[in-house]
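The structure's right below; bear with me while I get my questions together.
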Amino acid sequence: MTTSLGDRDATTEWVLTLSCPDRPGIVHAVAGVLADHDGNITESQQFGDPASGLFFMRVQVEARAGRAELEAALSPVTEQFGMTWELDVVGRRLRTLVLVSKAPHCLVDLLYRERYQDMPVDVVGVVGNHADLADMAAFYGKPFHHVPVTAATKAAAEDRLRDLVAELDVELVVLARYMQILSDGLCRDLQGRVINIHHSFLPSFKGARPYAQAHDRGVKLIGATSHYVTGDLDEGPIIEQDVERVDHSRAVADLVALGEDVERRTLARAVRWHAEHRVLLDGHRTVVFR
Amino acid sequence: MTTSLGDRDATTEWVLTLSCPDRPGIVHAVAGVLADHDGNITESQQFGDPASGLFFMRVQVEARAGRAELEAALSPVTEQFGMTWELDVVGRRLRTLVLVSKAPHCLVDLLYRERYQDMPVDVVGVVGNHADLADMAAFYGKPFHHVPVTAATKAAAEDRLRDLVAELDVELVVLARYMQILSDGLCRDLQGRVINIHHSFLPSFKGARPYAQAHDRGVKLIGATSHYVTGDLDEGPIIEQDVERVDHSRAVADLVALGEDVERRTLARAVRWHAEHRVLLDGHRTVVFR
Amino acid sequence: MTTSLGDRDATTEWVLTLSCPDRPGIVHAVAGVLADHDGNITESQQFGDPASGLFFMRVQVEARAGRAELEAALSPVTEQFGMTWELDVVGRRLRTLVLVSKAPHCLVDLLYRERYQDMPVDVVGVVGNHADLADMAAFYGKPFHHVPVTAATKAAAEDRLRDLVAELDVELVVLARYMQILSDGLCRDLQGRVINIHHSFLPSFKGARPYAQAHDRGVKLIGATSHYVTGDLDEGPIIEQDVERVDHSRAVADLVALGEDVERRTLARAVRWHAEHRVLLDGHRTVVFR
Amino acid sequence: MTTSLGDRDATTEWVLTLSCPDRPGIVHAVAGVLADHDGNITESQQFGDPASGLFFMRVQVEARAGRAELEAALSPVTEQFGMTWELDVVGRRLRTLVLVSKAPHCLVDLLYRERYQDMPVDVVGVVGNHADLADMAAFYGKPFHHVPVTAATKAAAEDRLRDLVAELDVELVVLARYMQILSDGLCRDLQGRVINIHHSFLPSFKGARPYAQAHDRGVKLIGATSHYVTGDLDEGPIIEQDVERVDHSRAVADLVALGEDVERRTLARAVRWHAEHRVLLDGHRTVVFR
């Protein structure tokens, strides 16, 4: 996951994210390194979580220094404070694999935003357990991989996914209404790199057919939740949620159609924030520096 | 629950609500009765629920006819179609009893809206199992009844509630963050006449301390639900729901404070719509003609 | 604009919309005709506007009667009350022409919704004064007409538009971020059949570059307005408006990108409601029976 | 505007806000001072505005240092960078004067939030050009000053306001639907310390009777704007805006009632953010660190 982008002499805008146990002096130490390299901070946010005792920071900085130079300068500080950290170039596109089944709304939206709205992802492939969306992928110039999944082929299908992730140097996997459940092993291996959209306002209506459940319960708002995938289905850290108002006159099919709008915009925000390094993990919660 | 209001010769604006098994001719039959009395329909909504097979109607009509005359004219139609129905004068204030504990936000809002915003309720009393809000009730000129509840006195306290409902001719009971659970018997006796505000987006986070649960789960929206009370706690028909956006920086106490705003506006809408005869029961769902 | 759809013996679901001066008996008269044909009303809304003195009604009804039979039966009533009215089959797709320039977001969204979400439009062609979106139209199988507009060719371009409207039997024209101003004459001729999306919360920021104006003013919400086009630019009857929250950190380009989401969903709602016959004109205001 | 609060040996949580021309090293310099005093940063946000070339910072820090010590330590840095800055104790209540006329909704909400929701204001008095709200002020234990305004007495009334501001050591003046226009001179003298609520989504519907204007234009959303008052009426820097959905069935009186809810919550947010030192001026725009 290296990039030569930014490793040059001209000014580059860097984004640094970090977390560590909270104690005095963190901001000063980090800002000191940046100041030593004539870095100009353009945007910065910090947060100390009293519950977890962790401190989180995201800073965008313009500097002439290259990656190697900055990393070397930051290393002592990150070691001193026990930081988990990442340095990237602002706007670099994350190599992304999108998994789909038959429903087109999330895929359409992601590909549209990549092409037309500068969402910093580079969709390097689309995987479908059905072939319905192959033409959509083709229109946007994306390789489509048809990987059917049955009880008998599930293990082989996951191997194929692992191969694609490796071959394509994938940094992010997006489950864009992919209707298969990933195995625990795969979830663990890709921890923090898989984003799902759940068609409900979690923790309401977990599991199957949430819109039918919502209709039956007579709710007045339907929602969607985008979250990181962990082995614990529907329980990964939540990145974003949104809702849409409905009323008694809506049948289940109407809820599904209205829900598609909430799902696609909720997923699109989560993917964008992740790709912009705005989402940090705080145990099973997320810190989102919007 | 009789009223002489509208029983006069001048024009009155009536509101008629009804439900019955769906079949052709209902609207024509009802509109025929109204037309026969030179009624001028000013607002009307109908809905047929394919799931339950029931038809719902709410109509506001200006007419010179009095209650007795209208009821007599409507009776054959309501019998023919097997209707559940109600006729009231638009704007008549519903005799309302508000139950509270210590949290003031819902009570403050209801009393403010009654006095200043023409919400069609007449709060005939406030009952508190604590005395904290007695001064607030007094400021708005409302009798305050302190009815403490302990395990030992719970039955007696409910008797006191029943007495108050009877003595004060109460049509609607509002649980304005009343932290006691009503017995099944009382719920049944007051079925359809008790509105609760639950400090969560049901069916998420049922039961106790929902904001602590929401914080622990790291949700990005918190919500509130106003519903009719049935014996099945937190499961009565939902009238209205709303949400507020939160982020990682919010502690549980912040969620509680932000939640108060959602709770009071959600409850206020539910009470207003009920008092305006806009809420009809469709099994354990509601039809809300806004 | 005739259709044989529904002119058959089996049950058809009809949608009838009408407006007329308000007086007693309208609903009864209309419902009577429908009852005479064993029509089963599935959804109905009425509204009397005290300001304009007009009455509006939209009713969906299942009936075995064909168009000719229903129209003949309704005629005496519509004449008696001086009604403007329209009868259509529920779900019939409106023949629609979409006009675009370079911005793709609204076109992408409309074509997606037509294909995948059952929005009842049949986009019979896409006209662009630039050719940028020809490939998008082609992907969705839509004929693309490149009609460049310069000061010299404006009149000829409008003639081409008129021809297309006539040849393609167009019922609705959607200006999907079409950056040319239609002449007064064309606006008049297509009155009530042209829907525009304005990239601002009208009446704020009329005219050019509204996002730059909004940024300069430091607003905290940006919005979009979908309205019928009249000769009076930015002043036609409003169908739908929506907003998105922004903050100080957003540059003009960010507002534009965020605005695209508001624009496309606002336009999509307006087009859907129009195509479902939910929008009635009340002077320069609209009645929207959602 | 001095306070002894926090001038003690135990740990105090301070909030520091500053703005200055943007250049490298600001964060490092400020964080260095805080680190030198063992300050623990609990919350911090920075923003560099490319349009104005200004840098803004808000930092909350726990420290044992007192005010004098911190101010002395910060002075060299603030001079070096040409900073406008302010240091306060987190949660200190701002001495606030509320001006009202007859409408109660904003006053009720502010007093409720002060008493029950820990909004960090200390309402030291309520001024009304009418006496209608004297009882409300009294209930919350606030001195009410009846200062009628006519053409003849306007100058004297403003003198009375100036006296009250001086005598009561007022830091913030809130125009809570105060229907008199302050003179240019008073606006200038209190610049940055007066917050108004305008009953419209500015810049739509400036001036009088905005809800009647909104109804006439047939808008689908109504809004409110809270802004700092400058001599240029309805044109001061915007702090917060919000909207509420309306439809065709709403008369002007309904818009007014619905608008009251938007107004009070919009004003409450603006006052809270101001009192928490979250609002910084960036020319005629605001930076709001929420």
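In this document, chain identifiers A, B, C and D correspond to the written order of the chains, with residue numbering beginning at 1 in each.
By our rule, a residue touches a chain if its C-beta (ideal position, glycine included) is under 8 Å from a C-beta of that chain, and two chains touch if they have at least 3 such contacts.
Heads up on the chains, UniProt names are A, B, C, D = Formyltetrahydrofolate deformylase.
What you see is a predicted model; the values in this text were computed from it and never measured.
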item: Length of the shortest touching-chain route, chain B through to chain D; value: 1
item: Farthest chain relative to chain B (centres taken as mean CA coordinates); value: A
item: Computed distance of Cα centres, chain C from chain B, in Å; value: 37
item: For chain A paired with chain B, centre-to-centre distance based on mean C-alpha positions, whole Å; value: 42
item: Where chain D touches two or more other chains, by residue; value: 43, 47, 50, 249
item: Residue ranges of chain B touching chain D (in the complex, touch as defined); value: 43, 104-105, 108, 112, 116-118, 135, 139, 249, 257, 260-261, 265
item: Interface residues, chain B side, partner chain C - complex; value: 22-29, 31-32, 34-35, 38-48, 50
item: Partner chain A, residues of chain B touching it in the complex; value: 47, 49-51, 201-205, 217-221, 223, 237-243, 247-249, 251, 282, 284-288, 290
